[in-house]
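The structure is given below, and queries will be raised subsequently.
A, B, C and D are the chain letters, set down in written order, and residue numbers restart from 1 in every chain.
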Amino acid sequence: MRIAVLTSGGDAPGMNAAVRAVVRKGIFNNCEIFGIREGFRGILADDIIPLQLGSVADVIQRGGTFLRTARCDEFKTSAGMDKAIANLQRREIEAVIVIGGDGSIRGANALNERGVIAVGIPGTIDNDIPATEVTIGFDTAVNTASNAIDKIRDTATSHQRTFIVELMGRRSGAIALAAGLAAGAESILVPELPFDLDEVCRRLEVSHRRGKLHSIILVAEGVASAYEVAAELTKRTNQDNRVIVLGHLQRGGSPTASDRILASRMASVAVDLVLAGKGGRLVVVQNGRYTDVDISSAMVQPAVFDEEAFKLAKILSI
Amino acid sequence: MRIAVLTSGGDAPGMNAAVRAVVRKGIFNNCEIFGIREGFRGILADDIIPLQLGSVADVIQRGGTFLRTARCDEFKTSAGMDKAIANLQRREIEAVIVIGGDGSIRGANALNERGVIAVGIPGTIDNDIPATEVTIGFDTAVNTASNAIDKIRDTATSHQRTFIVELMGRRSGAIALAAGLAAGAESILVPELPFDLDEVCRRLEVSHRRGKLHSIILVAEGVASAYEVAAELTKRTNQDNRVIVLGHLQRGGSPTASDRILASRMASVAVDLVLAGKGGRLVVVQNGRYTDVDISSAMVQPAVFDEEAFKLAKILSI
Amino acid sequence: MRIAVLTSGGDAPGMNAAVRAVVRKGIFNNCEIFGIREGFRGILADDIIPLQLGSVADVIQRGGTFLRTARCDEFKTSAGMDKAIANLQRREIEAVIVIGGDGSIRGANALNERGVIAVGIPGTIDNDIPATEVTIGFDTAVNTASNAIDKIRDTATSHQRTFIVELMGRRSGAIALAAGLAAGAESILVPELPFDLDEVCRRLEVSHRRGKLHSIILVAEGVASAYEVAAELTKRTNQDNRVIVLGHLQRGGSPTASDRILASRMASVAVDLVLAGKGGRLVVVQNGRYTDVDISSAMVQPAVFDEEAFKLAKILSI
Amino acid sequence: MRIAVLTSGGDAPGMNAAVRAVVRKGIFNNCEIFGIREGFRGILADDIIPLQLGSVADVIQRGGTFLRTARCDEFKTSAGMDKAIANLQRREIEAVIVIGGDGSIRGANALNERGVIAVGIPGTIDNDIPATEVTIGFDTAVNTASNAIDKIRDTATSHQRTFIVELMGRRSGAIALAAGLAAGAESILVPELPFDLDEVCRRLEVSHRRGKLHSIILVAEGVASAYEVAAELTKRTNQDNRVIVLGHLQRGGSPTASDRILASRMASVAVDLVLAGKGGRLVVVQNGRYTDVDISSAMVQPAVFDEEAFKLAKILSI
């Protein structure tokens, strides 16, 4: 069987580990594996290379994606899809494994509807894919963010300052919540829940009265710009603060062990699905187990936000 | 309510985060919290200190345990237990939260049988506690081990050498398996499954013929000494190799975000149990959810080894 | 002899290691050591604590400064200085060791002119103190910055994007130059040398023609805001780019081995100077050797920028 | 001009950065650059590849050496040298830049005596090359070792234990001294100075009496096996201890910023020397400046041990 793999959307640490596992498990099962470069664009551009065992040597620990990623609006058109299918057919590629975020997974489904056995693997630092408890890259991004907050705390404590730190996550507060819980942030603002800057101010005042003069306030990018929040807090508390926007730092770096394992195991499930001829499926973790769900029905569910963890973060930052 | 917390057994990264969460959630619930130093020894020695919010400032990111840990054989005697109960009663401490490995959790159960509301939190890098999918410290230890293997691979590749790396885990191969999967080790020897050094040799030969002259072979300490394995491999393959015993390196270091969150959430469940007067319980993760089980029945179960992950590790290291 | 130590100005990783070495070498020489909290403010507020061996246990690896730091405008007034001298005299503190940047070192000199044996240790991540080749915190900041750029490169390569990264350094380009050389940045803009955005654009075009579609451009904060540079580049090249402002991240984190050693050795020289009754001196590294210079004459020299390293960075980024 | 570059001896972090700089600065100067694989063996085996700008993309941050390294006894023979010269001449390679330890540098000199313009760059983690204050890889190895000791200290403190840690360095105690100073080790045993286990025991007892029950004792591999030292200490103090042999961990990992800069700048000097036709030279750092010395005279000098730093380490660990 000829199987192709691509990475698409924002890059996430662990994508290389997933590609490696597709290649190795595929070859173990006597398949020929191909790498499509720069996501769906590579199908249209026929930018497709054969991948051998040696092609994925020494990539498991690398951040980013060696297959690269790119946007491709043409793929969303009917003509684009025709060209994609034609290119895959000419190379006799029967199956495509797509590693990426929600747009990418929908792309996999579109391929599947045109007869390619296409399977999705959730690869995004944002952990915002419905139906799966975790996505590839999330654990690394959370560790990067919480390590950064540890460093910021050194300075915050030394200078007794308030820092407003903006974290990634698009419309999701998952990174902010996990990093905040892990780093002991004093306040966390997420788009999933209403927030009250007056309460943030009250918390600042309470801890000031307790003699704790530094604070770290996390703002998920889906809420607002950290600069806006900082300006508003300054206005209300009449106190100085500093802003840090972590930005693309959170995308990079060597994946954590957990992300490498998650990527390897999800890729393994994906290869099994493809070998069984089951397309239109998304590999997920549910109740701590690796399994798969139908893409069409999965992607219409809302993503779940862990309100219990959020409440705990508040309790622990008294 | 007066609640005491202690850490016992081998130290594990995240123990401080667990103690911090016990203190903060306890105080949030209007309890008085006490820290017992050096595990059960501290109950007997009445080495018990009050813990305030400020006592656990700036500890969430610290490795080890600031309450320290020690062995205490006296606690296992009937006279020792009497003394422990007397000391706790004199201080009007009604509940004790014990963070540690299997021996420590049994100690919690023994306290519980004597009328103290005692709850266990699984804290050990070995991930060998039955009934829970993960223990505090495991994720950090696996990351430490896999980062170390990444470094060893730099040298292995440069010199085209075989390295035999010994990992911790007592009678469990969990660290070796996870680190091996994460770092792409060529072979993994664990105590849970029979192994065949001839197969290890065959794998070495196959990869040599493919032109890959370096290899990393992981040995869980429960299997054998890495030095013994290395000597035996040299004898069979007539090839040079190098040995590294990671040892206590795996216990230390700042906990990963995942371990800090796990520790905080398990501690939160423990405080809830204690507040509800439910002793003799062990906080666990089952099916990816935080819950609790009866200690007596939990500790007689065998720990589960993930054979599917092991098989995948083999497939991926072809 | 009674010696006090303080940290002042922006915090820098290694300040704790310097304080530790002052305490330990001082006690070794039978001195009594005091810590002044929050820089010169602590002298005025008489916020001064005795430091024993145990006070500096487990601080060598910590970022920030446990003595904290703050601005103090009052100290610069004549009345403030009188009060400072009076406070020190009442406690019979004969000598003060000041760890900080240029303002702090001038403060040490002012104390010295009033009869206190005051010695300066250059502690600032900016490496902008004349007369010394290196300052405490610089090596850590450069490593933090170059590791961050390594992570950014993962994403830049995966997406084939240009990133504009703003680095600290006040009026100095030292961090930008060193981090750029270490991380292989494509262009480095520093305040010490005129720069030409057209040349930056030309370099972008040349590497694009060679097929290298990602680039990292470093901007020292003394040059301009990275956002401004990004906007200007977009205008001239008609290409998208991304901005990251590393900010206070660069101040924090566990000091590198090199910074811990530098801090310990500079502190050792400072204690020797104080014991010999030599005030008004700044501890420096010159020609790779630890020595000391007169503060008044040192601080009027211009800081040196390493133009040869800058030229090399350009050559290596062709 | 056709210039070849090779890495030889034990691998050291930063070797890739040095090769990269040779390639880029060489190409900038219109040279053709070749990479010789696996050290001197590659000259004999004619295992020589052209290196372009793209060949060294994305290697500056990588540990190990992508050109690999190996032992080669044949090169030391007269016949081997004849073959080497013939192979280089046939390819019209006029100059060879050798990155490695003392044996490798002597190999460069041997080539030079046979008419090749051969220049040495000191690349070894051991920092044991006479005439230079620092070698490529030393800073990374010291950071790796001191970070490992930080982790070990977490456990040592939690359990109140003594750890004996064996560090690399062949006949040099440089890594042990620097890591010990950086990590605040309680005792450091180096081959350059006589040591007295009774004094180590006395220090253990003194700190025990002060209530500090944990200790870290570093042993340079040139002194003895850490296991031997541990056994002897147990005999004398009747106290338990733990042994860790860091081993090849110290060779790997991404080079520090300092090592990347050192490697780049030394490589730049090497290319300048070769372009000027000056062979038989070793690139060194003296008095904090990059310069070069005659190999023959340099290699007969003894390496210098920093006794002042050693004394300070003792004072700071009281």
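We adopt the following convention: contacts are C-beta pairs under 8 Å (C-beta built on N, C-alpha and C of every residue); 3 or more make two chains touch, one makes a residue touch a chain.
Only a predicted model underlies this, so the values are computations on that prediction, with no experimental measurement involved.
Asks: What rotation angle, rounded to the nearest 5 degrees, superposes the C-alpha atoms of chain A onto those of its identical copy chain C?
Replies: 180
Asks: Among the chains, which one keeps its Cα centre farthest from the Cα centre of chain B?
Replies: Farthest by centroid: C.
Asks: Is the contact between copies chain C and chain D built from the same residues on both sides or from different ones, judged by whether over half of the numbers are shared?
Replies: Here the answer is same, because the shared fraction of interface numbers exceeds one half.
Asks: Averaging only over C-alpha atoms, locate the centres of chain B and chain D and give their separation in whole Å.
Replies: From the centre of chain B to the centre of chain D is 35 Å.
Asks: Find the geometric centre of each of chain A and chain D from their Cα atoms only, then give the gap between the two centres in Å, rounded to an integer.
Replies: 39
Asks: Report the inter-chain centroid distance for chain C and chain D in whole angstrom, where each centroid is the mean of the CA atoms.
Replies: The mean C-alpha positions of chain C and chain D differ by 28 Å.
Asks: Which residues does chain B have that touch at least 2 chains other than itself?
Replies: Those would be 150, 153, 157.
Asks: Determine the shape of the graph in which chains are vertices and touching pairs are edges (line, ring, star, complete, other).
Replies: Topology of touching chains reads as a ring, each chain with two neighbours.
Asks: So in the complex, which bits of chain A are touching chain C?
Replies: Residues in contact with chain C: 7, 11, 13, 38, 62-65, 68-70, 144, 148, 150-155, 157-160, 163, 242-245, 247-249, 251-253.
Asks: Spell out the part of chain A that touches chain B in their complex, as residue ranges.
Replies: These residues of chain A touch chain B: 20-21, 24-25, 27-28, 53-54, 57-58, 60-61, 133, 139, 142-143, 145-146, 150, 153, 157, 178-179, 181-184, 210, 212, 254, 256-258, 260-261, 264-265, 268, 285-289, 309, 312, 315-318.
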